[in-house]
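Here come two complexes built around subunit A, the first alongside subunit B, the second alongside subunit C.
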Partner chain A sequence: MPEIRLEDVRFAYPGGVDVYPEPGLTLALGDGVTALVGENGAGKTTLTKLLIGLLRPRAGSVTVQGEDVAKATVAAMARIVGYSFQNPDDQLFERTVRAEVSFGPRVLRKPVAEVERGVAWALEACGLKGREEVHPHDLGLSERKWVAIASALAGEPQVVVLDEPTLGQDYPSRERLRSLVAQLADMGRTVLVVTHDMDFVGEACSSTVVLSEGAVRYAGPTAAAFADRDLVDEAGIEPPHVTSLARRLGLGDAVSERAFLAALGR
Partner chain B sequence: MEVTRPALVFDRVGYAYEEAPREAVSDISLTIAEGEWVGVTGPTNAGKSTLCLLAMGLAPHFFGGRLKGGVTVLGKDSRQVSVIERSAEVGLLFQNPFTQVSGARERVDDEVAFGPECHGVARPEVEARVAEAMERVGIAHLAARHPMDLSGGQLQRLALAGLLAMRPAVLLLDEPTSQLDPAGAAAIFDVLAGLHQRGTTILMVEHRLERLCELCPRVVAMAAGRVIADGPPDEVFNREAVQERVGIPVFTRLARDGALPRPWPVRVGDAATAFAKSIA
Partner chain C sequence: MAGGLSLYAEGTSLLHRAHPLTKGVLTLSAIALAFIAPSLWWVVGILVVLLALVTAAGVLRRFFAVALAILLPITLLLLAVQGFANPLNRTVVFALGPIVYYREGLAFAALAALRIACLVSATFLFSFTTRPADIAEALMQRGLSPRMGYVVQSALQIIPQTLEMAGRIQDAQRARGLETQGSLPRRARAYLPLMLPLVLSSLVATQERAMALEVRGFGLKVKRIARYEFFDSTLQRALRWALALAVPGAIVARVAGWR
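For the complex of A and B:
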């Protein structure tokens, strides 16, 4: 059974921007790490907000883990879906990193031991150990981003949605993120990553969904998405750097460094 | 040899923010000639954004703190000019476009006009500049929208249009395409390449090393508030200290992991040549 299902979803913002025109958006996602890509304004962030009930569809249905989002409260959805915003400043408001990261599970009235376990795991996984007592606004953009990600993980949700997690991140930070999403996938979680960072998509995401003008243009294995040149051109995306090199060398469409070196026989 | 005037000079600069126990940048000496396109990169807390704020004069004028050494931009010492005066010639694109928009304007085109209007540019000239800047960054169709209704990527383009309308001689760009899709980012880099060709000096912070190597003839690598390497990208990214502390472009890492001889390539074209040679 898919973890996330959208059926004929229509949505328009007040003031008229029609995000998902007729016949509406339909998409089913299983577990593992999925990238959500597409040009600015394709409807990526809107889709993620529909998953947690922050936005409600005008028509159609959104189901996450069998839960109909239209009927569930935001609190009920927060138990299932952990969400980190594109702009961490939309999300952070507590006085310390620890208070911020533990806010979600505390509000959900989880048992203390469970809160502590989730918070400790999230702080460690996000490289924030030793930064617990710092005020989030004394941190740089990259670390604030990590606080937002840790907050999304602390409640140990089954579904994790990360909007532009690599934004402003340096290389070690991106590596940390890559191993974090792999770890979540190993734990059987569903991870959806909204990103423009195609290298990250190729390295870290086994499936990819391509949105274009409010419709799903592609949903399937990542390698096949980048191999489809018409899709890449029309959806305003680009292949990972390693793919451009592989093509120049006639080594096929490798999307990760490992695949490239394997094709090279090294 | 043609002698070019320096656009930016950092002379043994150290700077600590108000009440900060340590300096954010230390012992920075850099000279950037007029018309250069210099990329700045480094890990979190390397001091890259601080370098931009210093060049703009916001540090120390707005942020307070302690400045050591001298920052001179287009011949003017930071201590002697206000940020307003400098903003006639120098534009800074903030890392987060949400902090760039004035908040005082209700239409995109009025927001783009904000800078030139504040500087008393004549109305017909403002209109011409606004139209040109919006066209260039691809937001002409959004002219009547409210800035706060834009997506992250659209807002970033709006912020850049606001700077271009000022026709600055020096552009300081803190991750100018962080919010943009690949096609949008490529379009912005085309705009920057055009400005570079017409002689604009560009200092650009960029995390994406592949982009940096492709675009910038000169790269400054920073770590922990100091410059650890400065030169052509091939040279900078073949240094071990840079690879360890800043990172390594995809093509360079593939060459290393694919056991190619040094020096390793940093751009796709050079990597293709080097790998082709090794396969043959």
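For the complex of A and C:
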């Protein structure tokens, strides 16, 4: 059974046109790490907000882990889905990093021991150790982004949805993110990452969904996501650098360093 | 500014195009006259004119949606309370056993409700057809200092901006598991975690806006060039004077015995 399922989903912002044209968006995602990519305005953020119920579809159905999102409040969905907003300033409202990160598990009324475990793990995994008492507003964009991610993780949700976590991250930060999503996948969680960073997609995401103008253009293993050059162009994405290099060397379509080296060694 | 932040409805009607000052004077005079006018029929007349303008502006449907929600409960409440309990009540309209409904109270309630209807219609007519930013701009073109213009502008935007900010904070809190929907006690409990961040973010936003204004030369003492000109005409000017003078005129008439 897929972890996340959208069926014929239609949605329009007030006064706007349909984000997902006829016949609506249909998509099934399994566990592991999935990348959601596509040009600006393709409808990625809208899709992620539908998953937790912050936006409600005009038609069609959304199910997450068997739960019909239409029948649940956003707060109820928050038990299952950890969500970090594209813009951390839309998400952060507490006065210290610790208060911010522990807000979720606290209002979900988890046992104290569980709250402490979840918060400690999230702070550690997001590189925020030692920053607990800082005001989130006094952090730079990249660190605010990390606070937002930690807040989404502290409740130990089964499904993790991160909207552009790679935004404004330097190399060590991206490495940390890569090991974080790998760790989550090892723990059996489902991770959906919206990103414009194709190198990250190639290295860290086993599956990829390409969305363009509100329609799913590709859904499947990342290794084959960049094979169709026309599709790649239309969706406003470019293959990972390592893929371009592999192609020029006649080594096929490797999407990650590891695949590249394997192809080289053959 | 996007429509979502204000009541303004995009349009091309005569009222949309009229000078903001003309609409401002019209609104204020209509409200004042409705409260000065001595009898029911005068107020009905003002209300009819306002509703005709609402229709002409093409915002009748929007108007009804908002106005009914405000006016219907007020009117019903006034009619009930005054008809049964106004101290001037003498003439019986009907009686249900011990409960008696009186004519004096009914008349008082009708007049009050119509005046409130004028107030609400005039205010919405103005809000639906005037971009909030244009109000301050028009006043500044008439010699209001930019500093005061900014105060006017901020005051007009405080409510929509605060609502937007509150919506954003609540989305963030819901997404983390705080129940903000459902029963009244539940929503009341969600109120406290909302207020503190709301006040703090408002303060931060104010500070940031002050810095943004400073770097754009807001504090400089130089001559300013209007961003754009509003459509004005002799007819509009005459109308403004007539409407503005009608208010003191009506007061004098009332004092002189207009019944």
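Here is the rule we use: the second predicted complex is superposed on the first by the 265 of 266 C-alpha atoms of A that agree within 3 Å, B and C clash if a C-alpha of one lies under 4 Å from a C-alpha of the other, contacts with A are read in each partner's own complex, and residues count from 1 in each chain.
Operating definition for what follows: a residue touches a chain if its C-beta (ideal position, glycine included) is under 8 Å from a C-beta of that chain, and two chains touch if they have at least 3 such contacts.
Every value quoted in this text rests on a predicted model; they were computed, and no experiment measured them.
In the superposition on chain A, A:155 makes contact with subunit C only, not with subunit B. In the superposed pair of complexes, A:262 makes contact with neither subunit B nor subunit C.
When the two complexes are overlaid on their common chain A, residue A:187 makes contact with neither subunit B nor subunit C.
Once chain A of one complex is fitted onto chain A of the other, the partner contacts of A:15 extend to both subunit B and subunit C.
Of the two partner chains, subunit B is the only one touched by A:143; subunit C is not. By the touch criterion stated above, A:59 is placed in contact with neither subunit B nor subunit C. Once the two complexes are laid over each other on the shared chain, residue contacts for A:167 go to subunit B alone; subunit C is not touched. Once the two complexes are laid over each other on the shared chain, residue contacts for A:244 go to subunit B alone; subunit C is not touched. The residues of subunit A shared by its contacts with subunit B and with subunit C are 15. Within the complex formed with subunit A, the residues of subunit B that make contact are 42-45, 49, 95-96, 98, 149, 151-154, 175, 178-186, 207, 209-210, 246-248, 250-251, 253-254, 257-259, 268, 271-272, 275-276, 279. Within the complex, the subunit A residues that touch subunit C are 14-15, 52, 54, 73-75, 78-79, 83, 85, 90-95, 103-105, 107-108, 137, 151, 155. On the side of subunit C, the complex with subunit A involves touching residues 3-4, 168-169, 171-182, 193, 197, 200-201, 204. By the touch rule above, subunit A contacts subunit B in their complex via residues 13, 15, 38-41, 45, 86-87, 89, 140-143, 164, 167-173, 196, 198-199, 236-238, 240-242, 244-245, 248-249, 257, 260-261, 264, 266.
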